[in-house]
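My structure is below; once you've seen it, I'll send some questions.
First chain written, first letter: the chains are A, B, C, D and E, and each begins at residue 1.
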Amino acid sequence: MEWTGLFFYLVSILIAGGIYALLCLALNIQWGMGGLFNAGIAGFFAIGAYTSAILTTGESSKHLGGFGLPVFAGLLGAALLAGLMGWAVAKICVRLKSDYLAMASIGIAEILRLVIVNESWVTNGSLGLAGIPRPFGEYLAGRSADLVFLAYVWTIVLIVYFVAMRLYDSPWGRSLRAIRDNEASAAAAGKNIEKFRVQTFVIGCAVMGVAGGLSAHYFRFLSPSATDPLLVTFLVWVMLMAGGSGNNRGAIVGALGIWSLWSMTEIFTNRLPLEWITRSSYIRMLLVGLLLQVVLQKFRSGVLPEKSPPLRFRK
Amino acid sequence: ADTKIGVLMDITGPIANFIPPLQNAANLAVKQVNEQGGLLDGNAVAVYGDTTGSSQGAVDAAQKLANVENVPIIMGALMSGTTIAAAEAVSIPTGIVQISPTATSPAMTDLKDNDLVYRIVPSDNFQGEVLAKMVLDEGIKKVAVTYVNNDYGVGIGQTFMDAYKKAGGEIVAAVKHEEKKDSYRSELASLTKGGAEALVVIAYAGDSGGKIVKQSIEGGLFTRFIGTDGLRDDLLIKDVGADALKTSFFSSPTSPADNPAQKTLHDEFNAEFGEGADKAFVDQTYDATFLAMLAVEKAGSTDRAKIAAALRDVASAPGEKVGPGEWAKAKELIKEGKDIDYDGAGGTYDFDAHGDVRGYVGKFVVDGDSYKQIEVMQ
Amino acid sequence: MSALLSVRGLTAGYGGPPIIEDIAFDVQPHEIAVILGPNGAGKSTVLKTIFALTSIASGTIDFDGTDLARCKTSALVTLGVSAVPQSSNVFPNLTVDENLDIGTYAAPPADKVATHEKVLHLFPDLRAKLKQPAGELSGGQRQMVAIGRALMCEPKLMLLDEPTAGLSPAYLERIFDLLLDIRKTGVTILMVEQNARQALQIADQGHVLVNGRNFASGTGKELLADENVRRSFLGGAAT
Amino acid sequence: MIRLEGIRVDFGGLRAIDHASFNVDAGSVTGLIGPNGAGKTTAFNVIAGAIRPNAGRVLFDGEDITGLKPYQRAQRGLARTFQIPHEFSHLTVLENLMAAASAPEGENVFNVIFRRGRFGAEERAIYDHARETIRFLELDHVLDEKAGNLSGGQKKLVELGRALMRNPKIILLDEIGAGINRTLLSKLADKIKLLNQEHGLTFCLIEHDLDYVSKLCDHVLVMAQGKLLTEGTVDEVRSDERVIEAYFGGGKYEAHA
Amino acid sequence: MIDFINFYLVPALAIGSVYALGAVGISMIFGILRFAHFAHGDLMTLGTYGVLAAAAIFPVNPLLLVPFGMVLAIVSALLVDKVFYRPLRKLPTIYTVISSFGVALIFRSLVQLLWGSQNQVFGSGGVRPPLVLFDTFRVSVLHVQAVVATSVIALFLHFFLSRTKTGRSMRAVSDDPELAQVAGLDTEKVVRWTWIIGAALAAVAGSFAAMDTSAHPNLGWNLLMPMFAAAILGGIGKPMGAMAGGYIIGLAEELSSYHWIGDHALISPSYKTAVAFVIMIVLLIVKPQGLFKGRLL
C-alpha cells in the first residue's frame, strides 16, 4: 500500500510535470529561441483551459455551450483559440522590446483574467465549470485513469518536443535566434522579423493553450483559481531558466525538476516538529524561495545550457 | 499506532489571512481527541496540505495527502475551486472521503463523487434566500447590494437578489467588486444612487467587506449594513466600532434555536488561543475536523472504503447526541456499538444524498464587541 | 629608471581558456607605448586586464607601486589611470556634457571648467552637441566624447583602445598630435592601434602581440623597420 | 544602381542630411567620404531602409524603394554592414554567416515541421558558402565561437562575412577598415576588386583611410554637413579646395573651430 | 461634483501616491540593475510590518514610526542584494528576475512566520472621522497626508538625483554599468543607494496602504502589478516618470467608474484594474519609451 501510494504520487508528479513541460517547451520556443518575453503565460493557458472545457462538457445553462465534443477536439480547439489570441497579441505587441513585451503580456493576461471572472455567461465566472471529462473517461475510473491520462499527456509532450526540436534544428530556428540577438542586422539580412515573431508567438501560445486544456481535463473542474499567475506564469519561467533556456531537453528537465522540488518540499515540512506544523506552509514557501536561489547560483546557465544545433553533414 | 487526518487548506495564496484561526480550530479538534482517549488505538495527527489557493496546488497537495501520507480522510479545502479540483482529481479516484467546511459552490452538489465528497455548509443558494427573507422581515424594501467577485460572493449575491426581487423588494443598485483593492469609494458612490435603506455587503470582513463598510461610514454614505457570515467577524467591530453597527445585522449558518454547542466551542477555543473563536468559518472547520475523526473511529480502521458510510452514520440522526469536545463520550458510545449523531457548533449536519447539508441560518446583531444571535431560520 | 607600469607574466582570460599568456612589458613614465597585432590577438584583452575587467590567472601589474591585479575597476581612476574602451565607450542616454562630467566624479581635476574648455578646444565639433545624448552621435563623434571623458580626470596613465578608429583624417592627425601634446604634460599612454604605421611613428615603443603572446618588441622606429613585422601586421611594404 | 533624390533627414532639430542627391553606378566601387558627422552613415541607413527620409526618394535599379522595409530591400539584393558591429551574439561565427543567407525553403515553418527533405540541398549550399567565406576572412579558428565573444576586429569581419553571404547586387560597407589589421585589410581590398570585376558586384564604401579608398574606388562622393560636397575620382577630389578644408582640416585645427 | 472630489478624485490621488512611491523603486531598480524586481511588493509588506511592530511597542501616531519600517526594508533589501542578486549580476538579467521572484516568496513567508498571516490594523483601527471642509468636502486625513508626503518626497528625490554626485552617477550606471566602472564610478555604491531609496519609499507606500485599510502578508504583492504599470507608463528608469505614472494609474482606476456619461459607471468597477492595463498597453504601443523621454530624471 505504501508503495502503490508512492507510485501514484509519482504518477501525479509526472502528469503535472508533463503539463508544465508543455508550458516550458512553449516558452522555450518563444523566449529561448525567439527572445519573446511572454510574461502572460497564464492568459493563454486560461484560454486553452476554458476553450477545451467548454467544448467538451455537456450542455449547461450556467455557461456558454457545453458542446460535448471529444477531448481531442477540445484540445485542438484550445490550441486554435489560444493561437488565435496569440496572433492578435503578437500583431499588436511583437514590435515591443523584450521588457516592454513582458509588461504588455502581463497586462493582457490580467485583462483576460478579469474577463474570465466577470463574463460569467461564458465561463460561469468564479463559480467555475464542472464535469469536464478526461480522455477515454467513459471506460475508466479510479486511480488507473491517472495512468491513462499520464500516457496521454506525455504523448502530447513528446509530439511537441519533436516539433520543437525540428523548429530548433532548422534554418527557421537559426534565423529566429538571429533575430533574437540583433534585429537590425537580421533585417539587413532580409529576414521579415515580424513574420518570424508572429509565427513563434502563435506556435508557443497554441502549445500553452493545449497545456491549459490538459490541466482542465486533469482537474475535471475549472475555475479562475486554476490560472493563478504564480503557478502558471512565474513557475514556468523558473523552470525554463533552471533547465536551460534555449534547450528543449532542458525545458523538460527543468519542468520536472522544479515541479518535483516544489511539490516534495511539503513532504519534508510536514515532518517538522509538532509546534511548527501550523507554520509548515510558510516554512515550505521559504524553503522553495531559498532552493530557487541555490538553483540559480549553482546552475548558472541552466542544467542543460543552450547549444547550437549540429549540422548533420558536418563531419 | 497514530492515525493521520488530512487537512487541506489554502494556507498561502489569496486567502492566507483567513487561515490562522481555522488552523487553530482544526488543531483544537485534534488536541481534544488526543486528550480524551485518542483516535483508534493511538493519537490523531493532523497532516496539513497547502493548496496555495490554486487548482494545481490543491491537486498536488491532495495527492501527497492521499498517496504519500496515506491519510484515510481529508478535511478541506476552503475555497470551492480548490476543493472541487482536489476532489475530482484525487479524492474521488483514490476513494478518500473529503469534507469541506466552507465550500459553498452549487457545483459541488452534482459531482459524480461515489458518495465521497461532503460539505457542512449549505450551498450558496440557501443563505441567499434566507437573507432575502430576513431583510424583508425587517421591513427594508429598498437595498443596494455589493458582492465580492468570487465563488462565495457571486453565489450568495445572485440568489439573494433573485429571491429579494421575487418577494417584492427593490434593488436600487448592485455592484460586483474585485477583492484586494484599497479603495471601494467609487463603487460606493454608484451604490448610493437610488436612495437605498441599507447596504447589503456579501464579502469578507478581512478583505473587501471590511473596507467597504469602513469607507462608507467614513464617507457618510450608508449607516445600515446587512452582511453574511463572511462579514460577521470581530475584526469588523474592531475596525469600525460597535456604535456604527447598531442598526446592522448579519446572517450566518448556524444550528437550530440557541445552540449551546457553539458556546462550548467558543469558550474552549478562546481559552486555548485567547481570541478568534468568532472568525468566519471557525465553527465549521472545527466541526468538519471533528466529524472526520468520528468517522474514522466509527469505521474502526483506516480502511477508506468503510469511512464514507461511517461518516453518514455519525453525522446524522438517529443516535445519541454528541457535541463539540465530547470525544470521550463519543468514543465510549462507538465502542459500545451505539449509534451517535454529532451536532456541531455550526449546525446539526444531516447529509442528504448529495453529501450536502440543509442548514439553519441565524440572524446576528452586534453586542458589545462580539455578535449575538437573535433569530434562527430554516 | 623605474617603469610607471610594469606587467609581468600576465595570463588572463574570460573564464574559459586563457586569451593572453605570459605577457610582459614595461611602460616608462612620459612614454607612448603601442600594442599591435592581428585581430583577435588579445590586444584589447591586455588593456581590459589592466583595468580589472577580465579574470587573471597569474602575473602582476605594477602601477606606480600598486598591484593593479588586486584593484577594483572603479578604484583605478582614483589612482590616476583612465581608459577608453574599444566599443561602447560612451553613455548613450547621457548628453555629451554629462558624459564629460562623469569623467570628473572619481578624480576631480584641479580646475574643472578649464579642463572642460580644453577638451572642447580639442574637439570643437562637440561644442554644438553638448546637450545631445551621446547615443545620437556619429561614430567619430562618439570617439571624441570617449577620449574627452578620459581626459577630464587628468590621468597619469591613459589606456586607449583604438582611439582613432572611425575618425576622419583631420581628427586622426589631431589625435596623434594630441597624444604627443599630453605626453608633454606628463601623461603616459598605452594604446592599441590598427593605424599602426602612424602610431609607431609617434610611439616610443611598440609591442606586437600574436595569439595572446608577446611576439616582438622594440622602439617605434625599430618595428617600422622590421620587414617581418611590416609584412605581417602593417599591410605590406612601406609606401 | 542606387539613386538618391533630394533626400532630407532630420533628427529633432538637427538636419543630418540636407537635400542630398547622388548615384552609385552599377558595377562600380564607389567611395563615400567626409568628415565625422557628415551624414554618411545616415545616408546608408536611408538606402538600406533603416531610416525613413523626411523628404526625397530612393531608387534601386530604377525602381522607387522609398516605402520598402529594410528586409524587403535586402531581399532585392541590397546588403550592408554596420559601422558599430551588429553581430548575432549568441550564434557561432558559422551560424552568423549561415543565418545571413537567404533560405526560402528552410525558413518556411511548414517545411521545417513536416517536409524536412525540402531544404537539405539548400542548406548544404549555404554551409559550403559560409565555410568558404570564413576561410577567406581568416576566421577558421573561431568558427564555433559565439560571435559575442569575438574581438572588435573579428566582429567587423563577421559583419562583412554576413554581407557576402547574401549574394547581393550591391554591398554597402560602413568603415569596414576601422579596427581591422592592415595586412588583412589589403587582402579584403583584393577580394572586393575580384568580386567587382568577376561578378559585377557593386560596392559603396565609407572609409576614412584615403590611401585605401584610392586603391579601391573608381569614383568618390564627398559629403559634408549633410550635403554632397563634390564627387569625382580620388585624385580630383583630393585636390579640391573645399574637400581639403572640410575633410583634412585645412590649416590644421582652425577650420573646425 | 462634490461627489466626484470626495469619492473619486481624492481617493484616487491617495492610491496614486501609494503606486507612485512603490513605482519609483521599481523604476530605479529597472534602470540601474536592469531587472524587473518582483519582490518589490513584498519588500513593501516587510517595511509595513516593521512599522506595525514598532507600533506595538510605542503608542504614538504610527506615521511617526514609519522610519522603523524604512530601516527594516532598507536592511533587508541590501542584504538580499548582497546574498542573492549580486552573484547573478554578470548573467542575463532574467536570472535576477527569477531570483527576485524567489525573494518575494522568502519575504512573504518570513512575514507570515514572524507576524502570522491575519489582517492587522494600525492603532485602534476604527473609523477615522474625515476632514470636513466647507460642509461639503469630506476627505480622509490620511489621504491628505499621503499626497503631501509624496509631493515632499518627490521634491527631495528630484534634488538628490539632479544635484548630488551619487544621483548623477546613477544615470551613468543605468546607461552602461561596465563603462561606469571604467570611468571610475563606484557602481556598488550606486546600487546601494538605489536599494536604499527604493526600499525606503516602498516602506512608506506600504504603510500608507496599510493604514488606510489593514496590513496583511499579501499587501504588497497585490499592489505589484499596478506599480509595474506605473513604472512602465512613466518610462522605465525614470523615477519622476514613475511618480506621474503612479498617479495616472490611480486616477485611471478610480475615475473610469465615474458616471461621466449618463447615470451609470462608465466602466464596470470590476474592470478597474483592466483600465490601468489597457492604458499601459496602448501607451506601450504608441509611445514605447514611456511618457517621459530620457533615462532617469
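By our rule, contacts are C-beta pairs under 8 Å (C-beta built on N, C-alpha and C of every residue); 3 or more make two chains touch, one makes a residue touch a chain.
Predicted model, so just to flag it, every value in this text is computed and none were measured.
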Touching subunit A and also subunit D, the following chains: none
Centroid comparison with subunit D (C-alpha atoms), farthest chain: B
More contacts between chains, B-E or A-B: A-B
Subunit B and subunit E: spacing of chain centres that average the CA atoms, whole Å: 36
Chain centre separation in whole Å, for subunit E relative to subunit A (CA means): 30
Rounded Å distance between subunit A and subunit C, as computed from the means of their C-alpha atoms: 50
Inter-centroid spacing, subunit D versus subunit C (mean Cα positions, whole Å): 28
For subunit B, residues that touch 2 or more chains besides their own: 11-12, 20, 149, 176, 178
For subunit E, residues contacting two or more additional chains: 108-109, 112, 117, 268, 270, 273
Subunit C residues counted as touching two or more neighbouring chains: none
Touching pairs among all chains present in the structure: A-B, A-D, A-E, B-E, C-D, C-E
Interfacial residue positions of subunit B with respect to subunit A in the complex: 11-13, 20, 23-24, 27, 46-50, 52-61, 63-64, 66-70, 79-82, 84-85, 88-90, 93-95, 105-107, 110-112, 149-151, 153-155, 176, 178
Subunit E residues within the subunit A interface of the complex: 30, 36, 38, 83-84, 87-88, 91, 94-95, 97-99, 101-106, 108-110, 112-113, 117, 225, 228-229, 232, 236, 268, 270-271, 273-274, 277-278, 280-281, 284-285, 288
Contacting residues of subunit A [partner subunit E, same complex]: 92-93, 95-97, 99-100, 102-104, 106-108, 110-111, 114-115, 117-118, 234, 237-238, 241, 245, 279, 282-286, 288-290, 292-293, 296-297, 300-301
Complex interface listing, subunit E residues touching subunit C: 165, 168-169, 171-172, 174-176, 178-188, 294-295
Subunit E-facing residues of subunit B, complex: 11-12, 14, 16-17, 19-21, 149, 175-178, 180-183, 185-190, 193, 206-207, 210-211, 214, 217-220, 235, 238-241, 244
